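Input: structures, listed below.
Below, chain A partners chain B and then partners chain C, in two separate complexes.
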Partner chain A sequence: MISKVFEPDSIAVIGASSNREKWGHRILDNIISGGYAGVVYPVNPNKDEVLGMRCYPSVLNLPHRVDLGIIAVPAGSVPAVLEECGRKGTRGVVIVSAGFGEVGNTELEDRVRDIARDYEMRMIGPNTFGFINTHLHLNASIIPEMPEKGGISFVTQSGTFGLALVDWAASQQMGLHLVVGVGNKADVDDSDILAYMSADRHTKMIMMYIEGIERGRRFIDVASRIRKPIIALKTGRSQAGSKAALSHTGSLAGADRIYDGAFKQAGVIRAGTLEELFDSALALSISPPAGDGIGIISNGGGASILAADLCEDLGLHLPDLSERTVRMLTGVLSAIATPANPLDTAGNGSYEMFKAVTDIMLSDRSINALLVIYVHAEMVDPCLPAEAVIDAREGYDKPVITSWIGGTSIEAAVKLLEKNRIPNYPLPERAVVALNNLVRHKRILQKR
Partner chain B sequence: MISKVFEPDSIAVIGASSNREKWGHRILDNIISGGYAGVVYPVNPNKDEVLGMRCYPSVLNLPHRVDLGIIAVPAGSVPAVLEECGRKGTRGVVIVSAGFGEVGNTELEDRVRDIARDYEMRMIGPNTFGFINTHLHLNASIIPEMPEKGGISFVTQSGTFGLALVDWAASQQMGLHLVVGVGNKADVDDSDILAYMSADRHTKMIMMYIEGIERGRRFIDVASRIRKPIIALKTGRSQAGSKAALSHTGSLAGADRIYDGAFKQAGVIRAGTLEELFDSALALSISPPAGDGIGIISNGGGASILAADLCEDLGLHLPDLSERTVRMLTGVLSAIATPANPLDTAGNGSYEMFKAVTDIMLSDRSINALLVIYVHAEMVDPCLPAEAVIDAREGYDKPVITSWIGGTSIEAAVKLLEKNRIPNYPLPERAVVALNNLVRHKRILQKR
Partner chain C sequence: MKILTEHESKKLLAEYGIPVTREAVARSREDALLLACKIGFPVAMKISSPDIAHKNAAGGVLLDVGRLEVGAAFETIVGNAKKHAPDARIDGVLVQEMVPRGAKIVIGIKCDSQFGHAVMFGIGGVFVEVLDDVSFRVVPLTKRDAIEMIEEIRGRSILAGCDVGAIVDTILQVSEMAAKEKIFELDMNPLIACGRGVVAVDARVIFKD
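Entry: the complex of A and B
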């Protein structure tokens, strides 16, 4: 059962080490300093004690069987160690060790998989950085920090991007639930983890980084039944990139168009870049709009023109405003501003102006979602227009996202928006791309 | 003479005010606090003193004629004030006041232009945020901070983006020279400013934000003779965006394909987003590579696959490594790493590894430029691989750009890279886009 891997009551770290440069040290250290409440056993035949804890020569010597074995020993020793895990009744394993399919050693990888299957242990890896489960305070990975708790889960074939997401999340007050490195996917693959996350109550949306998928049909079957948003970045589409993927995780990257089709069938949103993947996770954490009518407000003309262009490029609709809306806007705007969508307040970024125009735009029936852009020019405290947006959206069940521009001087305002769960982006174009993916999610749900 | 506008010995601020909310106050305040060494006169018929300085009722009362008049009075009063500037022999003016062509008041705009021409004054605006000349410590704008000195100049039709660039530059230790808001371009337009910047010794590369260009032929003529890199973001290509541009600066955005063709003919690199514009300025500040052969190094597989994909999408070439390079790499890499391009050091981000592989990759004759990606995983001090790259590139005349990934824990390393003038990006895809524009600049120069 995969749940025994991701929600274990007890863990053995096999290959636990006092050497700070060994992964067996770092993972054990991370489990302990992360605050995991279950039982943890270090296992290493050459040590009596690791990190002040009693160390066992083999899992066979443990006082109980454990739910999860994390294996960080040289590749050649993995079969023997895994065999012992099986005999002891271990429920699942994570194989951190490298040197399998990704370096052409498929025979060893097959052997390891066969042992796991013989003993009915689910196996993550080999060649993975491990995983994090924030709700269990469990950092069974080499990632140095524990993210904040939240609803975003990430399945990644790259440890790099697991690390990058955790850093990103920390800088954005973005909460994560599971971060899982799938490695070479000898046993548990993306589809297995998707199925688990679909049922998992903490996961609200799913991010994926994929180098290659072996069982495409199964992936489509599993993904297309999930109503939570799924966004995936698939790389290895170039010749150089697919060769690199082969030596990274042993993945055959495959024809890119096939993946495009599979994602479409599966209802998986495809991200073009890592930035789009990360940015969209934030937007996909809020409720989607009822339609694709986007309203844009800004206090600076250039930014709203840029956003309007990109909306049209991406197929988002910028509806004309109703007569009533135009009349109400005329009542609050200065003579040098035009009541239109996109709306430019002609430099006015005051609380009163942002409150009024946000409210009026949200009240227009053709506007389903709103993008509010604020450019800081030191006339007002940038927290005031942020508060105006937070206040004005109350009473409307329409998604609002923002782009506050202004470097360090707007940090407090950005924190305020984040705390109120308004996805905020440092550039308007990034807000539009993320908002578009929220609309895509809505369309996927409608088609089902 | 435009040089009298951008390099004035004396300035009159007409509409100078003690009211902190008035632009006439902010610009005068910015000129003084920025450290401008020339003579400054506040002008306002209703004040005797502004900001502790003697205030004159009209430019006609000034003890001398001035090089530059900055006009921040209501639109209706601009003709009279401008007339006085002309009579006093003012060399050039910046009209900050709004309420002209952008709100349909083209008649007033024409009148103002005619007055300026009658007196042979060059005029920036109306409807502009002013300009900054860092080398003169002159902040004749509403932008609250003075950027660091540097070689990047920016011509923008949006005050928003002028502000955004100054914030961006501050956060990246990026040096600027001129930041100019062209506003409605009633007299001085992009081409005039390009011609000035072409000859200007401080400007090393030129960034542009354009909503519309009126005299396209002249733009092509001027731009195509400039050997400094020029990168432009042109918006208003969508229906909604072009309507918004009309009410922002009165620009007719025009068919987008025409602009595409014009930029190509003019040798202007077109950016698709604000992020690309800003990111590329950094890369375009270093010398271009001799060819389009790109080498990629990373300590994490996912990042190099992502970068390789994007290189191929953009038409950048990832050459196979020479036999000699492969042999040398085999000598330093561990058994689980493959000597290839892109090169993945399989987790090793040490000084020694990064020094060795950067050196070896740069020594390959088919590699013209190198992208080094480092993902921080707390094994080493992230400054060490940064130092390795800085040290290894000595002795090679090939551009090196980097992508250090790791949030707040890598800040010191990023500062180190920036200080050594290595363009660094928080995501590898952004590094590739910027590097591609450096290669495009090289191709433009070769075609001439």
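Entry: the complex of A and C
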């Protein structure tokens, strides 16, 4: 059961070490310092004590069987250690050790997989950085920082880049639930993890960084049944079809194009850039899906026109406002401002103005989601319009996304928006791209 | 890798209900005239050889051939082919109905190592690679997949007035064929679409060994 791997009550760290350079040390240290409440056993035949804890020579010597074995021993020793895990009744393992299929040693990888299957242990890896479960305060990985708790579950390839992405996401205060390095996927693959995350109550959305999917049709079948948003960045867009192909289809069918079609069948939103992946994951984890009628408000016309242009490029539309909305807006706007979508308050960034126009625009039936842009002006406290948006959206279930534009002077306002779970972006284009993915998610759900 | 000739490929397509041109292989010039009379004039004539993939490049295609020209056309095509590829095995000359004008589209199959078979749809004709306006879906396809892959094409407006339902049906028939046959690659290019349906005008099936 994969749930025993990601939600273990007890863990053995096999290859636990006092040497700070060793992964066996870092993982044990991360588990302890992260505040994990379950039982942890260090295992190493050459030590009596590691990090002040009693160390066991083998999992066979542990007082109880454990849910999870984390294996960080040299590749050649993995089969023997895994065999012992199996004999002890370990439910699942994470093999951190490298030196398997990724360096051409597929024979060893097959052997390890066969042992795991013989004992019915689910296996993550080999060659993975491990995983993090923030809700269990469990950092069973070599990632130094425990991310903020939240609804995003992140599945990633486990190379150095994947590691850096997790590190970066943690520093962005993105709320994460699970972070999993899939490694060589000898047993558990992307589809298995998706199926688990689909049922997992803490996962609100799934974010994937993918370099390749092995059993493609199965991935489509699993992902297409999941209602939670899935957004993926797949590298290798430039992979062209074979020039020497025997047919037109062969020469036009780059692997990436088939991925493009497959993601559509799977109902997976494909991100074009890392920025889009992270920005949209944030919005998808805290905002509901949206229809494609977008309202835009700003205290500076240029920013709202920029956002409106990009909406049009992406196929979103800015509906005309109803007569009632126009009448209500006319009542609050100054004479030089026009009651239209996008709405420009003609420089007015006050609490009262932002509260009134946000409320009125959200009340218009044709508007499914709202983007509020604040362009910082010296005279205004940027926290006031932020508070106005927070107050005005109360009682509406439409997504509200913001873009507060400015330097250090808007930092407090940005924190305020984040704290109140409003996805905020430093540039309006980034906000529109994230908004577009809320719309894409709605379309995917409507197709089901 | 085994490559079927155009005529063999179309016989396979027809088994899956995909409309193909009325055609037959003529072994001699007399044979050609007889077949052409049966099919109706004018006809298209193409070299039929398992060793010649690019029939046009070999001077092996003549279109709009009338009753009086059939015999000479047969000799020209076979002569050109022998000059182009002296060692090629030649089955004869394919005599085929001329299809009325319509939108040229392409439907194909590609066997991918990660996803298995995928179906391609797009704007066809000789500029298929230049236009590069195609979409893919992994087999088996649903009807919605087929509709979406037509809607995704940049040049979808050329299909105005065409029987889109017939195109959808053909995409689904190709999906079924991909699931059943050991196909490595398939091209139907062009497939002519008009208001009354579609017809495969040229096709090539490549089997895995």
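A few comments on the model shown:
The rule is short, and it goes like this: the second predicted complex is superposed on the first by the 409 of 448 C-alpha atoms of A that agree within 3 Å, B and C clash if a C-alpha of one lies under 4 Å from a C-alpha of the other, contacts with A are read in each partner's own complex, and residues count from 1 in each chain.
Everything that follows uses one rule, which is that a contact is a pair of C-beta atoms (placed from the backbone, for glycine too) under 8 Å apart; a residue touches a chain by one contact, two chains touch by 3 or more.
In this text, all values refer to a predicted model and were calculated from it rather than measured experimentally.
Look at A:Lys447: by the touch rule set out above, it reaches chain C but stays clear of chain B. Contacts of A:Glu312 after superposition: chain B is touched, whereas chain C is not reached. By the touch criterion defined above, A:Arg217 reaches chain C but does not reach chain B.
In the superposition on chain A, A:Gly250 makes contact with chain C only, not with chain B.
Contacts of A:Thr235 after superposition on the shared chain: chain B is touched, whereas chain C is not.
The partner of chain A that touches more of its residues, comparing chain B with chain C, is B.
In the superposition on chain A, A:Ile405 makes contact with chain B only, while chain C stays out of contact range. After overlaying the two complexes on the shared chain, residue contacts for A:Ala164 are found with chain B alone; chain C is out of touch.
Judged by the touch definition given at the top, the superposed model places A:Ala262 against chain C, while chain B stays out of reach.
Common to the chain B and chain C interfaces on chain A are residues 245, 247-249. Chain contact summary for the complex, chain A toward chain C: residues 212-217, 220, 245-253, 255, 257-258, 260-262, 264-265, 447. Considering their complex, residues 21, 26, 98-99, 102-103, 142-144, 156-161, 163-164, 167-168, 170-171, 209, 211, 233, 235-241, 243-245, 247-249, 273-275, 298, 300-306, 308-313, 318, 335-336, 338, 340-342, 344, 346-347, 375-379, 405-409, 427-430 of chain B touch chain A. The touching residues of chain C, counted against chain A in their complex, run 1, 3, 53, 106, 108-110, 112, 114-116, 118, 120, 122, 128-129, 132, 134-139, 144-145, 148-149, 184-187, 189, 204, 206.
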